[in-house]
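Shared chain: chain A. Partners: chain B in the first complex, chain C in the second.
What follows is the complex of A and B.
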């Protein structure tokens, strides 16, 4: 009898605690994001047959005055060292510049890159910019179920783009643990078919726990069998970054 | 056994037939290139590896007919491309609708989809101008006159080609409003499978009809028609059922299996029944007649069944999977027909009442009189006949080296067949429906290697048989133009690496994967070629290989050629080589069985005289009339040996007469007179059965049927002339008093 009571109590408690899909994603979105970031990314591109190629890039990003700026510079491999890529987003407009040291010229790039591959990896630009959270208002979120993973309750939410929203994916299924509200796994679907799977292998607290940042991520393209493991190293958050970093001069500097 | 326990025998056959028959459900049709190409062929391994590295598979080329340069048409092309991409088993789709555009535009490097999301008239004119200036697209994805758009579909080679072809056709038909022409392997395979599904039952019924008619003319009774047909039915169920159990699939070549089993198998019962009715007519009891038919004639049937089985089983040495399984199943079918005719038929004969009217099939009639005349003439002309046979052999040997091999898939089809016409259309408007693939291993970031690949492409594109060539070098040249305003290649390794990186960043890295592996150590150069007959194709492939060696070779660590065309050419070489092995083996086996069962080496050697003459006749005629040796006609030698050994009945009768103390002249006369009639009708039944293949939808099988017509008549002719002549000259008396009696 007592067991039944306990079970009933637990059940009603879980009902009381249960969140809707929208609420889960709001909690995910509520994480503060840093105003600037600086660090190194090591990307391992892993082919279907297991061949590994490593790329290392340095990243600077800054959000200020309604402007998002990001500079990427290749460190390795040697033959692309110094290649730089600058993105400035303002008022929904995107300006991109590319510097190829072999040509010694900065080129402006037109055309949308957001669905394109990020540095030749399995991440798209969209995926990278959504790492700090997708634009939740563009999607409808439905709680599919909850799972228990090692004692932690995990919400499984399906996010479908609202009509008229230009999304790379037809839907995403997001696994959100109730203790951190930092997604651990996202399945990306294209035309209803599973396309890619993102796994956050490691989430680290920064600034005394103010930020929770995934530092070891794996994106697998299920259709091609190719995957990318991305490690964020030497991360510094909310550090002042000189505006001179986001210029052509800095791009050309070795 | 059959006489004492007929019901047990019948029961046993029922059980076995049910067991084998259950396998029929597992029997499938398949004519994928996989079933024709030996799995361990080096070019095949290379192609598999290339497909693993660069993606892609068998190529289907769709030509969409209609004015391409309108906003509506491009929208439909986009819908068509999406629809095809959604088909299960499609790995990659390439068309104008998903092509990339990369250019210098007002100081910007523009990297975007060729087709913007919304299309107006002005956009179309702009796209057209861009495409016409870019060799990667012009003439490849759209015809020069703008009347045809290409959709290049790469499909999983292991997928069901028939379903794929149907679904791709349906997807295109639903989205494009003009005619759609489908060429390439899935289209051809789909057509082959449809044709097979239609031809097999039709040919089988026709063969049954013809053979039944021949049997009716011979026996003038229902039993004389039904019993042989029952035998072959058993044989067919066993052979095809075994195929199902073993997971074999019937392809274009093996689709002739039912007819082969039918034609060869029916002859066994013909001999058994002939003797049975003959004895019955001569006044013997039913049991005695059955006994004589199975014992005396049974020996001949056993020898010819073993020979036929050996000839067909020799095909098992072939390296071509489809020919291998055909050989095994056909040999098994022949064995089953033998068992049925020497066990099942006698059991039924024992149980059945005597027919009301008994007609001696060896009765004197026009045919018997002709045979009697022939026998008499032979006695005087034996030397002359042998000399004539030698002259024939010599003449034919002269023509054999002229035989040409042919493996072009296209040659299978009648000129009016849709996929053949589509292929010719694609050859005409897009410069080729086939391709030769070059795998280049080396340091691909080295501008010298890229330059060499580009020079190679220029060289081969000048050949009239080549449409276009595509490689990483073209992509980098295109990119370099967009970056710098001029076509060219970067002058340093770093420059190449950075431009490749830019390309990877600007789109789907998979776009590049079809040209080069991620580590930039292996590249795939695709040379688009027209469909050509094997000889011309071999010549072209040789030139391409030589150019690659000369131009790319010095800068690369390895250059290899592959592609489905190259596979078919290499397969052909194997077929030719296998041909001699299996023919030689089959002749040796037949001579051995005949010698062993008839207890004389001389007899064994003499017994293959008609076969040697027939086979050399076949190949001589092919050389003389320019009939190509292809996947179907390559079987002809081994099958000739399989079906042609009915001449053994002449030998068995000849020896039987000698044993009775007759002179060789009398024995020869008697054997030609008595067995000649059976040989004549067997030839008619077998030849008639093969004539059903004349109605095949495949040109090589029609040719095969015609050649079988020659083969069957020639074997009969040689069995009734050269064979008795040789017997008269070389076998004067039966060495052994006792011939093995037990069948």
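What follows is the complex of A and C.
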């Protein structure tokens, strides 16, 4: 009788623990995200032969009044120093502008470039602007399975863009540990084939644990064999950032 | 008293510059070129550019110095590039010094980008020449959606005409004319160039930028102004042809519109420019004054998924002829493509074709990053067209070029 009771309790507990794909992604999305972020990113572009190119960029981002703004400025290498990239997302629209110091001109760039490589890296412009997370309402989420990794239960969720959503990928498979709900691995598929794998190598708590931010990310293009390691350094969260930062005027400033 | 003030100013500037901590940057480039026609050496040069900049909170200073050595002619040369100071006021940026300013929106053929003269001595390398100017940009709104720019260039600087093998064939001088004299505008206030430009960034479709501008300046190249006796004491000749720079007022508008065609293509950008040049001879009645012209262009940019970013451009120019002749129309088609094959290799190409005379230019190239800041470039230029056509005149100047650059 005692065994039956224990089994019943365990069964009901596991039912309570079993989340749907939607619920898992809602928990991922429920993580508080900072209203503003400022810091440095170091990108290492690693070729098939292991040779490395390094890019260093400064990033400012801010969310307010339903608007997301991000400015990226290249610091190194010297031949791209001063290049600046501005995105403003509002009401489902995204404005993208690029400042090239050699041309001394701010150019509105084609939205179709969102899916292209971000300065030669394995991240696309879209990947960079979605680092803080995908827009979960644009996807349907299905729990594929759970895995046990080092004693931690990990949800494996397949996220497929809803009809009409302009996504760079045909589907994403996301690994979400039950203890943090911060994805540790995302597989990106194009036309059903595995295209890229993002691994969050390091997740750090900020603001006394209020935020969990991936600070070391690796994106591998499984088709070409290239990978990009992105390290976020000197991160400052919830700092006041003047709106003037997200303007053409600031883009042109050295 | 004046000396004390100057000394105080000097001390303040020195202290400010010392506190600002200068930043140095630059590049070392070397390049070789072979003419495709006979494999003769067409380019053998080395350049060292050194830049220094001081950045303060509300001001900045930048200067660039270039040392170039042309091994073909064994001529070294120093030149000062941009060198200007900028004051960042609450809603105004004010720059003074030698500067390059880019106006307009088009890359391939931009009728509005006419503030700075150009060095066309080798048309494949055409570079804008920095000139001394006062340049103010006003930002009336906090979001920076509107801008008003004003430029004053007090002294005239001509563009550098194609030289050497690029120079146009010499024109026969009129009978009785034995010399040519080029007269530049006098160095006085009234000879300056003035420009005004207003831009707005609007929330239309996926984003719309609009611009309007007017530049009261000069044609970049001299034109015949008449003849004069070589010796004023001998009015019957021999004569000298006088070339001078005519005034023009270039007014125009431009736009850049981001949009999508649902189900067909997402994220396109259409850019356009239109300009009209007013001159001192609107009717084309005076053969010694340049005539008006109008020029407009459109360019459509699209990034193909997993492929190149392409720009398809079209340019139409109308040039008023001297009376009673009819105006001449020139149509040009352009195509540019850029493809980042991987993190090191970028392929790019440009094609310009003049529909009106059937001549054109094809420029394929590739760029390879050997290491951080070390880039190699391989490029070619092929001209085609009949003798005397726009690009056909350079048919024999096709070039294969290799360049290596280290930036720091």
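Quick notes on this one:
FYI, the second predicted complex is superposed on the first by the 237 of 254 C-alpha atoms of A that agree within 3 Å, B and C clash if a C-alpha of one lies under 4 Å from a C-alpha of the other, contacts with A are read in each partner's own complex, and residues count from 1 in each chain.
Here is the rule we go by: a residue touches a chain if its C-beta (ideal position, glycine included) is under 8 Å from a C-beta of that chain, and two chains touch if they have at least 3 such contacts.
Treat the numbers as computed from the prediction; the structure is a model and nothing was measured.
Aligning the two structures on chain A places chain B and chain C in clashing positions.
By the touch criterion stated above, A:47 is placed in contact with chain B and with chain C alike.
Of the two partner chains placed around the shared chain by superposition, neither chain B nor chain C is touched by A:180. By the touch criterion stated above, A:191 is placed in contact with chain B alone, chain C being left untouched.
By the touch criterion stated above, A:120 is placed in contact with chain B and with chain C alike. Judged by the touch definition given at the top, the superposed model places A:107 against both chain B and chain C.
Once the two complexes are overlaid on the shared chain, A:244 sits against chain C while remaining clear of chain B. When the shared chain is aligned, no partner comes close enough to touch A:140: not chain B, not chain C.
In the superposed pair of complexes, A:224 makes contact with chain B and with chain C alike. Look at A:76: by the touch rule set out above, it reaches chain C but stays clear of chain B.
Clashing C-alpha atoms with chain C appear in just one stretch of chain B from the list 164-172, 470-478 or 578-586: 470-478. Overlap of the chain B and chain C contact sets on chain A: residues 45, 47, 53, 77, 79, 103, 105, 107-113, 116-117, 120-121, 224, 226.
On the chain B side of its complex with chain A, the touching residues are 52-53, 55, 86, 105, 107-112, 445, 483-484, 490, 492-499, 501-502, 504-510, 513, 517-519. Across the interface of their complex, chain B is touched by residues 45, 47-49, 51, 53, 74, 77, 79-80, 83, 85, 98, 100-103, 105, 107-113, 116-122, 191, 224, 226 of chain A.
Chain contact summary for the complex, chain A toward chain C: residues 45, 47, 53-54, 76-79, 81, 93-96, 103-105, 107-117, 120-121, 166, 224, 226, 228, 243-244, 247-250, 253-254. Remark: chain C residues 25, 27, 53, 55, 60, 62, 88, 93, 100-102, 105, 107, 137, 139, 142-144, 147, 201, 203, 206-207, 209, 256, 258, 260, 265-269, 301-305, 309, 340, 342-344, 346, 369, 371-373, 375, 405, 407-408 touch chain A in the complex.
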